[in-house]
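Note sheet for the following structure.
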């Protein structure tokens, strides 16, 4: 989960290696959206040269690259927009910690999307953003999943302030969308934990601990993304760069509140799951204790009785074969009512024991 | 408990969705109180236009909106008082983390009330405040519960400094009332924990752990509210805005002390409940140990004896059917006093065992 | 222990409610000490007017109010010395967190004394101080206990620098005395914990855990007082008010060192008691393990043997009543030396088992 | 693992003691690389004087000393490059915490390489660097292992920016290589932990806990290196010395990101291994519980039955030898179908017990 | 261990009470060393007046007082060197937290030496230093142990920079020696913990937990000294007083590094010992589990068999005394091969059970 890709140790800085998904290099798909208040163009390309040809300096251009398997695409983009090779390396070595960096010609942001896949496993995908004055380049690992559809919809429809604003607002809108999509993931984990809690109290079993352990790992991972996401938004708010307009900062503050609330959620789910683990331990401990008590009571009541009946099952001979009496060899066996008396004695022993156990609160 | 409402991920910022309670949109009830040192008006409306008609710039107007199901009401208020849509969104998405924000025309505060409902379950309700120069707008989720009755009483009676002061003092009075009402909630949890403690020491049972777990969850939740409440009051104290007068700050400092004491209480109850969990574990562990010891002593004493009587219950024949003696086949059975001797031997074995166990401090 | 008194939620700020001890309002006893280098007067009053009549602006006046049951006394004092009603409210709502506040006419300090009462239970009592230029007002909950006798003695005897100094030094002397009296309390807890430790290692029992739990609660409480006490002394050192002279600060630094050492002590006792709890757990766990081992060894050795003797206690008939032989029905019973051979076999089984257990390090 | 060497306590500061590896002083091997954009010389010496003879002030000289057993070498270098004796002492007392210090003539950096040796044990080796304007001196404990081969390769081939840059870039390249080599080490531990996790869930055994404990120790050790490594890189970034050019800082920021990610990795592996330990505990607790339950059920079912058959194995005589009847002495034995009835009774008892256990969820 | 001495609570500040060791006041032994680059005098006195007589303002004088039982000595020194009474009180109330204070005429430093005594118990001894321009006064609790012999040796021999430097360098040399002597103490604890670790894995026993607990307490105590020692050195480095020369600061920085490394060591030993405690717990838990398993398997296999043989040991009569057959009363006993069949049945039962246990991984 959330694996970090890295260059070979010792390799030259900014060594670019094509990004592989399950061993395959994914061909880049380039979606370009160009808009201002009145115009809106949405196209898809595979060649960077075509993209560059259509750039219009008066409009905002959003270039979304899906698939990082083709170095040529990235390098042509880098050449045209003067993207730093170290930044490109971070784009390719996915699984990075979210961060933001101010460069000469753009703002570089790394964010992480999370989602549950079909098998309900927690997945992450890195989104890298280059925010310029009038362009925004986003790069994603693969084309299958992203969380930007709503934003595209808003762009197309011209609703809200998005078409009136610059690239920084678009970047905010994407970041906000990424952050918003943490909520359903966290809520899924939260409701799973709640469900586990109610089952745990009824009947603790081993697979639950395992599940709980998985949730805790998931939360640990999410935490590793959410904390730096907060720092990213915070630095966007407080670094005074030309790339973030004051009007956008009001929205970023809202976005910042969301990251704080996410952290709050993550931390409280972590606490709850730690509490559950403890609850589980107590539950199991108490059960063991109860089982022990039952065992002890039953064993303790019957063992002396079994000993007694064993005594009277012994074969001491009352007299030798030839009739010479062997004195005191189990005369009880030859007493009238001996059996009944013994049964009575045993009943008394059992009752005394039960009384003692009751007083010790074992029953 | 304390659920966070949120917009659909990816939706436009400041998308307003009516707030539902148990699936129903609650119609807004608007209580307006207008006062200065000599005048006092208290009215109830359902239309915002009526409210706006009666506004008097020389008096302090407190507009309390109960029920957030009707967007029209909120939007008209927002239009007149220039409330930012993002703030309104926070008002509607209840369960927010307490916070305060300075806007151009007002101070925006989110606070959380907590109380135990009839079923003694911990509940929370969000109160949003817009503090202007001469107005205060408060918005609550539902009309059934609030903690402002005492403040209204003070306004009506003209007691204290409240009628002499501006909207900031009123906001302080409401905040203080909200914070004061955390005390009974915490004290209830505290006394529940104390009661649990005394019962736990007598006889630990599974439902107690579950209760303790619930209290811990409740404390975790309260903590999530109390900490940012402190930050809110602190920022009101230290942000130099025109909306908080210096004279009010003396009172806010008092309020700040209360939040610090609340945190103190929450933290020490958390510690106590963690200690109780530990106590519980030790208790159970020790009980298991005691039970084990009894079981072991009884079993260990009787098992060898039972073996012995088993030996003398064997049917080895002293001679064949036709009288040929089978040497050494259980001659003890044919000894005079054999039975008594065996009983004596068994008594000696038992006594030795008891002595050993006593020395090992198991008895 | 250390209960916090509070006003009714929602009540007006600075609502004064007489302070009750066990439900009774304690009449104030006012001790006044007035001194300079050459003069010394010590008197006791019940009326504030008499106190005010004797005030001498050239001397230092220490007014010590014992018992907070009479609002009139406090209010007259407040009126004369311009004490803020919010401060008075803190005086009455005892159990406050220690704090210091700078007001226009005085420095307001809340401190907490702790002591073990006759039943060796940990108690706290709040001392509130108003430090003016030439006066010091202290207010205590009840007259039975305070820690100021040594200071009074020094004042009477004229020893040390105390008679040469102003009210700030007197305030320091009282604070120092309060802080010094934490040491015996902590040392008592420390030696109790040490004693518990040595007993715990010999024979863990349930009442010890309970005791340990109590000590931990006590330490948690002390911690809640010691940390803010440190902050109080620190702020006295670093806030540049006219009420604390530079010459006094040298002494306050000494006092500060003491609070740091107290914190050190509290923290290390907390660590030790946490360590003891752990030790206790291991002890119990290990004991359970030992008990189990004994049980297992004894049971495992005897159960197969008991089975064997049970086998030869069966009544399979060697021949029918009419003498028809039933082949292979327990021929061992009719073997010569069968009994001895069986005893031998059982001895071998037992020895093998003991050897195995020894190798598994269970014996 | 990662032992810290130290001088004899009380010895003079900067007392130089030859560094021994397994008790042997290793003779220094001096590799010198001198380069600028167009020239490149790589030589190996054993005498410092030869090194000094070849120094060229217009080129960057990298002097790599492998083996610290010969004080003379170090002292001649120190004399020529004005290295401070305290720095030399740190070079010799390996196992230092990574740190950086600015001196008059150079920047002094201590870093730690880590690797798994052939036995897969975690090892550390100290690298000390003196970064001057046009020279870089690195000192390593032994010649067998270093992580600089890739950098040498880049120097030889003239690839990248390394040949165009000064000594600071070379130092960066070496630091980066050191930091990069933490990744494989951490990933090895990470995959070991993952493997352990899957085995743990199947069948917990004692050697796993031991392994887990070892990993945790390893992570604790790595943490002790990674945290200060981050500080080192950070101080290089922010201390404004003449020894680090602005152009190099872009690369150092990349390097800093790596240290932050390393810390992230270390911390999350630590959390995972703590979670595993907990998982292990729960697993074992639950198993004990299950085992107990089986034992209890079997014992509880059979013990009463065994008692019953014991009862009917008693030898109470129905009549005396001479035929006088002994009334009520086990008449059941002489009832028709007595045996079958008893078997039935026992079956009923067993069934009731099983039903009870089922209801208690023990089966 | 490391007891804190304190004045009676409430006593005047700077109340001097002779320091007792085991109830006895130790007579002060005054060693004086006076030196500059060319001169060196070393003498021993018992009277302070003699010391003062020999003071030479152009040389550095080190006055080392061993034994604090004689107030007259301390007071005469204080009078001559203008030492503050509060400082003297700290000298006498040993067990102080390490600290440094700048006074008008000197720098006051409290440090703590630690060592293992003959019984290998951890001991501490306080060293108080007054660093003036040309004098250094050190005060120790008792003459038996100090760590300054190496420094005296360096003074005598004139080696190193010590004779060329002022009192501040001497103070540094002593502090450095004190700090250096923490290493052997910590290494002893470290190797004890390592040894314990290897034994723990083989066979956990109760005395080990106790030992571990002791080590943890020792580490807690050391930590209480090491942390403030670091602060002391740090404040010497950064407070700009006339008493510490810039040239000395280079050495102090080295000293500071050592305190940081000590903290590092203490913290990692603490972590290791916490890990060991956990390992111990798991070990014991696992052992209990194994023991349980063996017990359960043996018991479960034999209990049904024992029941069966009990059945056939019952004495149901096949016919009445007078030969009337009692039908179905244990006909098995009168079957040919009945015994063998029963043995077979029992073998089958045992085999099935063993198979089941094997499948449940209990064998």
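Here are some notes:
Think of it as A, B, C, D and E in the order they're written, each chain with its own count starting at 1.
Everything that follows uses one rule, which is that a residue touches a chain if its C-beta (ideal position, glycine included) is under 8 Å from a C-beta of that chain, and two chains touch if they have at least 3 such contacts.
Everything numeric here is computed off the predicted structure, so don't read it as measured data.
Shared contact partners of subunit C and subunit D, listed by label: E.
For this pair, subunit B with subunit E, the centres built from the Cα atoms lie 40 Å apart. Note: centroid distance subunit A to subunit D, computed from Cα atoms, is 25 Å. Subunit B has residues 281, 285, 288, 292, 295, 299, 303, 306, 310, 313-315, 330 in contact with two or more other chains.
Taken as a graph of touching chains, this assembly is arranged as a ring, one closed cycle with exactly two partners per chain. With the ring opened at subunit A and read toward subunit D, the chains come in the order A, D, E, C, B.
Across the complex, subunit D is touched by residues 4, 6-13, 84, 86, 89-90, 96-97, 99, 101, 203-206, 209-210, 213, 216-217, 220-221, 224, 277, 280-281, 284-285, 287-288, 291-292, 294-295, 298-299, 302-303, 305-306, 309-310, 312-315, 318-319, 330, 333-340, 342 of subunit A. Residue ranges on subunit E touching subunit D, taken from their complex, read 147-151, 154, 159-160, 162, 173, 176-177, 180-181, 183-184, 201, 250-251, 253-254, 257, 260-261, 264-265, 268, 271-272, 275-276, 278-279, 281-283, 285-286, 288-289, 292-293, 295-296, 299-300, 303-304, 306-307, 310-311, 313-317, 320-321, 326-330, 361-362.
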